[in-house]
Every structure is written in structure tokens, then in C-alpha cells.
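Have a look at this one.
A, B, C and D are the chain letters, set down in written order, and residue numbers restart from 1 in every chain.
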Amino acid sequence: MAITVSRPKLNWKERIYLPAILSGMAITLRHFKNMLFGRTKVTMQYPEEKWDAHMPEHYRGAPALVRDTAGRIRCVACQLCEFICPPRAIKIIPGELPSDDKFAKVEKYPNEFDIDMIRCIYCGMCEEVCPEQAIFLRKDYAITGFTRADMVHDKEKLLEIGGVMEGVVLKWNEKK
Amino acid sequence: MDYYFIITTLMKIVGVVFLIILPMVSYTVYAERRVSALIQDRLGPNRVGPAGLLQPVADALKFILKEDFTPAHVNKFYYWLAPCLAMVPAIATIAVVPFGSTLFGVPMVIADINVGVLYVFAIASLGVYGIVIAGWASNSKYPFLGGVRSSSQMISYELSLGLAVIPIFILVGQLRLTEIVNYQIAHGWMIAPFIGDWLNPVKWLLAVPMLISFAVFTVAIFAETNRLPFDLPEAETELVGGYHTEYGSMKFALFFLGEYAAMITGAAIIVTLFLGGWHLPVPWWGAEGFQWLLINGDAPGWRGVLGGLFNIATFFAKVAVLLIVFIWVRWTLPRFRYDQLMRLGWVFFFEIALVNIFVAALIIAYLPL
Amino acid sequence: MATLGHYLLVSGLLFTIGFAGVLLRRNIIIIFMSLELMLNAANLSLVAFSRFRLTAEGLPNYNAQVFVFFIITVAAAEVAIGLAIIVALYRARQTTNVEDITALKF
Amino acid sequence: MPALLFWIFAAAMLVFGAAVIINRNPVASALSLVISFLGLAALFMSLDAYFIGIIQVLVYGGAVMVLFLFIIMLLDLRAEKARRINMVAFAGGIAVALALFVQIYLVVSQLRGANATAPALADPAADDVRGVGLLLFESYNLPFQIIAVLVLVVTIGVIVLSKRELR
């Protein structure tokens, strides 16, 4: 059913527009004046002021690999994150740990772990799917590089960003 | 051949176009960005140089260094012709505008011709070709619509533009712009006759039709220069970029600068016709009591030179104030719909200007001035 | 220096070009433009006469220029009405070719 | 110098005038006509008729030709396909036009005073706007008002023509 919207009847003052135009110009002039004399709060001036100090707890920045307190790379190269990643930014080449290794019980570890930050959409699926709690979205947001190759984070870089994660479940320690 | 005349004229042309108009164009763009930002509670470009003052240089460099790309589907010759046509009329108009009194005895107007205002209208009306040809040569939907809109809009508003200034000509009896300025120096500005015989109430009565003329003329200049609220030829939200959608790099820059140059010349015409041109009366309490002091370049020696420079500065200061008003209006008012634009031009401004002529003529004919 | 004969010959040549356009072209808009060329050729000779035959006071004979003023006014009016007719014709027939517009009534 | 300018502008006017009827594309024709009119305006100014010259640019360059372009674009006229030319009619047209020009040439060459250069004006800075204006409102007041009525009639006529659907 069609709905008839009743148009408001304009009186002559509204119909010549001039009062409305003048009041509109007064409003913009007020904004201009307040801004000019610094009475309006200015938005963050990015390169000088940064967000770092008051970054919210739930911020999702660049994904990174973490080590546990014992210094082990938590990733077991199960490749779940590689499968779940919507833009297919993650590439893992798994490898086997030698039996004399300190953490040999885990058997598998990522030989190479690349995240293409040009592709990454910061969705956090990898963090959610990881059974080992090895990959986390940290707070870095300014990922830059001069070439495409610069924008691919390899294992060392990811571990450097990730650092050591404490207070996560440490199931491999218990089974040792 | 009078070599002195030729050399001074060349110096005036070079001085006005390259030392005043072109820098003014680029800094109007900067002012537009800063003022619009301040109005919208932002800061605007403030990175390049102190307070962002070198931003126009950076913009120019960017435009020059960009790849000069010509789309495959355009009509090549006219596609290249259009940006040139957009820039030329805007600059050529300034030739007849007196932008100062005299400097070293040389009158500060490039060509003082007796059809002054008509010349301005004639050249300004050629400005539409750049836009129409750009729209047509782009061979694409939105630019074409922009070009068609522009042509009908220009024709419609030229009427009220021409009619609005007729009261001035009835009053002054001349088309020469220097004469109009001289009249205003002797009798007070058109819309504010506070010098000369300012006690005469008829002068103030006459200021009313002049004020209406001023309003109509200013609005028509808005429409002629495609400024918001009448920027239908390039309405971004409807037509992508309007007539210059298919243009890039320096060719786009020429359109952009041409638009601002047209804005500056439009403001210069308004200043000359209604706001006293280069004239700025200075109140003075001398031996004979209060009087308005006229500063111009006639005084001997360095005082004359300073006076001439002061007049030029006054003129361009007035133009700058008007430009700020142009920008202010742009960031306040929403865009008109196309039928509203045509209605406004043909039904309101045309009639107002017409009636205004009769009112002014009656006042001038029947009341002692 | 250009003499009166030069101006008149240029004017005549312009008139001939317009005349040839009317004869040779089939597009009604081009024919219309050629008509404008012919009108302007007449204007040129009028203005030339006004400049070369001065009045007693040594001024150009402004009578001719007033004629030119009238011609321009009427030509502008003629263009407006002519283009309106062409648009109406185009709406009815979808053509601007004079060879396709042969019926007096449709 | 003025003679040189005369030849430049006369040549520009004639070349672009010819381009109007040679061009197959109506838009190109209209633009050539604009340039032709600008050359004509320059010739008017060389004859000290500044007012007429400016009016020429204002009316023809600024209004009439924009209207032409507007209509050409509105009707979406494409460049004509090179059609087979009726050679007899074509040659006949050229012949008639040439005959006309020869006739004009003969008349001009026999005109008294055709070799006269422009006599000097008594006052080189004569205000031709004032001269034309006074004449227009005094001697030619009635024709002027008739023209005004004509323009009004044309305005109404155009509105009527473009409102009604022709069938």
C-alpha cells in the first residue's frame, strides 16, 4: 500500500529560504570561529600523537606467533589457520623435530611460517581456530614496507612481534 | 609605435597574471581546503611547510609528475582542446578590470576599453565551451551530462547577470569600468554610499535596488562559476566528477585552476561594480574637521608609489574577502536540484532583476540625486 | 592597409561560403548555421560601410551599426525559434536530413 | 600591423567558415562557426565598432552557438556517414556559389571608393556605445520596441513549440 507522506506547508518565511540560509551560515561561521580559536577539540594528530598509550584491550592488530615461557615455539604446524584464513594469507611448511630435541614430544613444528600482510584482513580467525594458542593478534597496526616482499612476515619476524605469552594453557608440559 | 605603452602593458599583463592571479589561484585552493576543514571541525592540510603554506607547490608538483593519460575512447583533438579553453577565458577577463589607481603614473588597468562590462560578459560566456567540449569529447555518460547541464545553466544565469548590472549603467551612464570606479570614488560605493553627498536620502534609497542587484549578481556569479550551491555540472554525488571525470594529471589541473581563476575574476568584477574597486576611504580629522581621505597614486614621490601599492593591495584584499565568502557559502549550503536551479534562475532572479531595473530607473529619473 | 573593397570581398566570400553550405549540405542544422554565416556576411559589409563613410562630425555612421544590432537581435530570436522547430521535427521524424522531410503535413 | 591583423582574422574567419560546411561532424561544425564568429568580431573591432564586436561575441559566441551545441548534443547527432554524393547536384551547387561570388566581385570592383582606405576618425576614442545607444533610443525607438515585442513573441513561440508533442 502506498503511503502518502504529507508535505509540511511552508510559510512565506520558509519559502524565501533566506532566513534558513543565513542561520546556516551562522552555524558554519560558529564552527569556523571555534576551530580557529582552538575551542573545538581536534582529532588525534597521527604521526605525532599515537594511539599506543590508550589502545583498547580488545584491539586486533597484526597476527603473530608466540613462544611459551620455556622458549618453545607453540605452533605445531597443524595448518588449521592456513585452512581457515579467508584471504589465504598464511603459508606454512611443516617440518619434523629431531628426536633429540628438547621438545621432541611434539614432533612437528613449522619449518616456515609466512603471513602475507598485504592480504591479511585482521579478522582474527587464525587466533580463534588455533588449538595450541600459538597465534595471537597483537597490537601492531602500522605494517609498512617498500616492496611486496617486505610485507611478508616470516617466522622470525612473527616471533619477534609475538614475543613470549604467559598464562596460556600449557598442555605439552603436563604430558612430559 | 609607442614603446613605453607596449612595455608597461606587457609588464602589467605579466605582473597581474603571473605574480598575482596565478599565485592567488593556488592559494585560493589552499584556502578552500583550510576553511572547509575549519568549518567541519578539522584542521586541513598543515603538513607541507609552515601551517601547510607550501601545499599548493606540492599539489602542482604532483599534477605535473603524474602520467599524462589519454583514454582510448575519447575524441582526441577536442579532449586536448577543452582544458585550454577552460583556463583562457577566466584569465582574459581580468584585462579590463582596474585593479589599482596608478603606479609611477601608469594606470593600473591592462585595457581600458569603453565596452568594459560587456567585454567581461562576452569573454566569460565563452568559458562554457571548455566544459561543454570536455563533456562531449570524453565520450562517456556522466561527463556528457555535466556538459549539457553546464551549457543550459550558463545561458540561464547570463540573463540575470546582465540584467542585474543595468541599474549601475543607468546611474553612471558608462560601460567603462574605470569610470564606474571613479563614480564610486566621488559618490560612494554602490551598495554603501557613505561618502560624497551621503546626507542625501535619495542616495540611500538608491542603495536598495543596488543591494538587490548585488545579491542577484553575486548569485549569478556563483552559478556561472559552477560553485556550490550551483555546482551541478560537476556534482560528485550524481555525476562522479562531472565534465572532468575522464581527465587526469595536468589536464585536470587546468580545469581545476580555471574554475578558481573564474572565481577570482568573478569576485574582481563584483568588487569593481559594487564595492568601490580599489577605493578605500580613510577617515581623517585634519584642520578642516572630519573628512574622508582619498589615497591614490597621484601624490608625488614615494608617497604616490606607496599609495598606488596600497590601492592594489586594497583591491585584492576585497577580492580575497569575497573569495572567503564564496568558500563559506560553499560549505554551508546543499546543492540545488536541477529543476530548482532553473526555476530559481528563470522565475525568481530574472523577474527580480527586471523589476529592479524599473525601480532604479524611476528613482534616478524622478528624484533629485 | 585594408580598403573598403577588401572588407566587401571578404564579406562576399563569407556569404558565398554560407550560400554554398545551404546548397550542398543536407543536415538541417548545418544549413541553419550556413544561414547565420550569410547574415553575418551582411553585417560585416554594413559595419565596413559605417566606418568608411563618416558622418559630417567625423564619426562612423552609427545608423549602419544600429542595423547590425537589429540583425543580431533578430538572428538570435530566429535561432531560438528555428532550433525549437528542429527539435519538434526531430521528435516527430527522428531525422535532421532535409531529404527525408518532404511532406508539408504529417 | 593593423593590415596584418586584418588578413589574419579574415583568413581565420573564412577558413573556419569553410570548415563549417566541410566538417561531417555537427559538433565540429558548430565549434568552427564559433571561431569564425570570433574572427568576425575581431574584424568589427578593426572597423572601430567595438560595441558591435562585443555584442557579436556575447550573442553569437556566448548564447546562440551554445544553444546550437546544446541542441546538437540533445538530438545526439552523429557524424554523417560518407554518403554517395549526387555529383550533378554537387557540381551545380558549387557552380551557382561561384557564379554568385564572381558577381559580388564584379560589383565590388566597380564600386566607387572601393580602393579608399579608412578615413581618420575625428575623435579616435569616440564612445561608440553612446553613439549607437543614442541613435537606437531616439531615431529608432519604434523599431527597437517592435524588436522587443518580436523577442517576446519568439519566447512564447519557443515555449509553445517545445511543450507540445508534434504528431
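Definition applied: a contact is a pair of C-beta atoms (placed from the backbone, for glycine too) under 8 Å apart; a residue touches a chain by one contact, two chains touch by 3 or more.
All values derive from a computational prediction rather than experimental measurement.
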**Report entry** Inter-chain pair with the most contacting C-beta pairs
**Finding:** C-D
Report task. Let me have the rounded angstrom distance from the C-alpha centre of chain A over to the C-alpha centre of chain C, please. Result -> 72
Query raised in the report: Using the average of all C-alpha atoms in each chain as its centre, how far is it in Å between chain A and chain B?
Result: 50
Query raised in the report: At what distance in angstrom does the C-alpha mean of chain D lie from that of chain B?
Result: 29
Query raised in the report: If you average the CA atoms of chain C and of chain D, how far apart do the two points sit, in angstrom?
Result: 5
Query raised in the report: Going by the touch rule set out above, which residues of chain D reach two or more other chains?
Result: 51, 55, 63, 67, 74, 128
Report task. Indicate the residues of chain B shared as contacts by at least two other chains. Result -> none
Report summary line: Residue numbers in chain C touching two or more further chains are none
Query raised in the report: What graph shape do the protein chains here make by touch: line, ring, star, complete or other?
Result: line
**Report entry** Listing of all chain pairs that touch each other, if any do
**Finding:** A-B, B-D, C-D
Query - Sites on chain D touched by chain B in the complex - result: 1, 27, 31, 34, 50-51, 54-55, 57-58, 61-63, 66-67, 69-70, 73-74, 125, 127-129
Requested in this report: Show which residues of chain A lie in contact with chain B when the two form their complex.
Outcome: 21, 24-25, 27-29, 31-32, 34-36, 40, 42-43, 45
**Report entry** chain A contact footprint on chain B (complex, rising order)
**Finding:** 35, 38-43, 328-329, 331-333
Report task. Under the touch definition given earlier, write down the residues of chain B that touch chain D in their complex. Result -> 1, 78, 113-115, 118-119, 121-126, 128-129, 132-133, 136, 144, 147-148, 151-152, 154-155, 158, 175
Query raised in the report: Tell me, which parts of chain D touch chain C in their complex?
Result: 2-3, 6-7, 10, 13-14, 17-18, 20-21, 26, 29-30, 33, 36-37, 40, 43-44, 46-49, 51-52, 55-56, 59-60, 63-64, 67-68, 71-72, 74-75, 77, 80, 90, 93-94, 96-98, 100-101, 104-105, 108-109, 111, 113-123, 126, 128, 131-132, 135-136, 139-140, 143-144, 147, 150-151, 154-155, 157-158, 161-162, 164-167
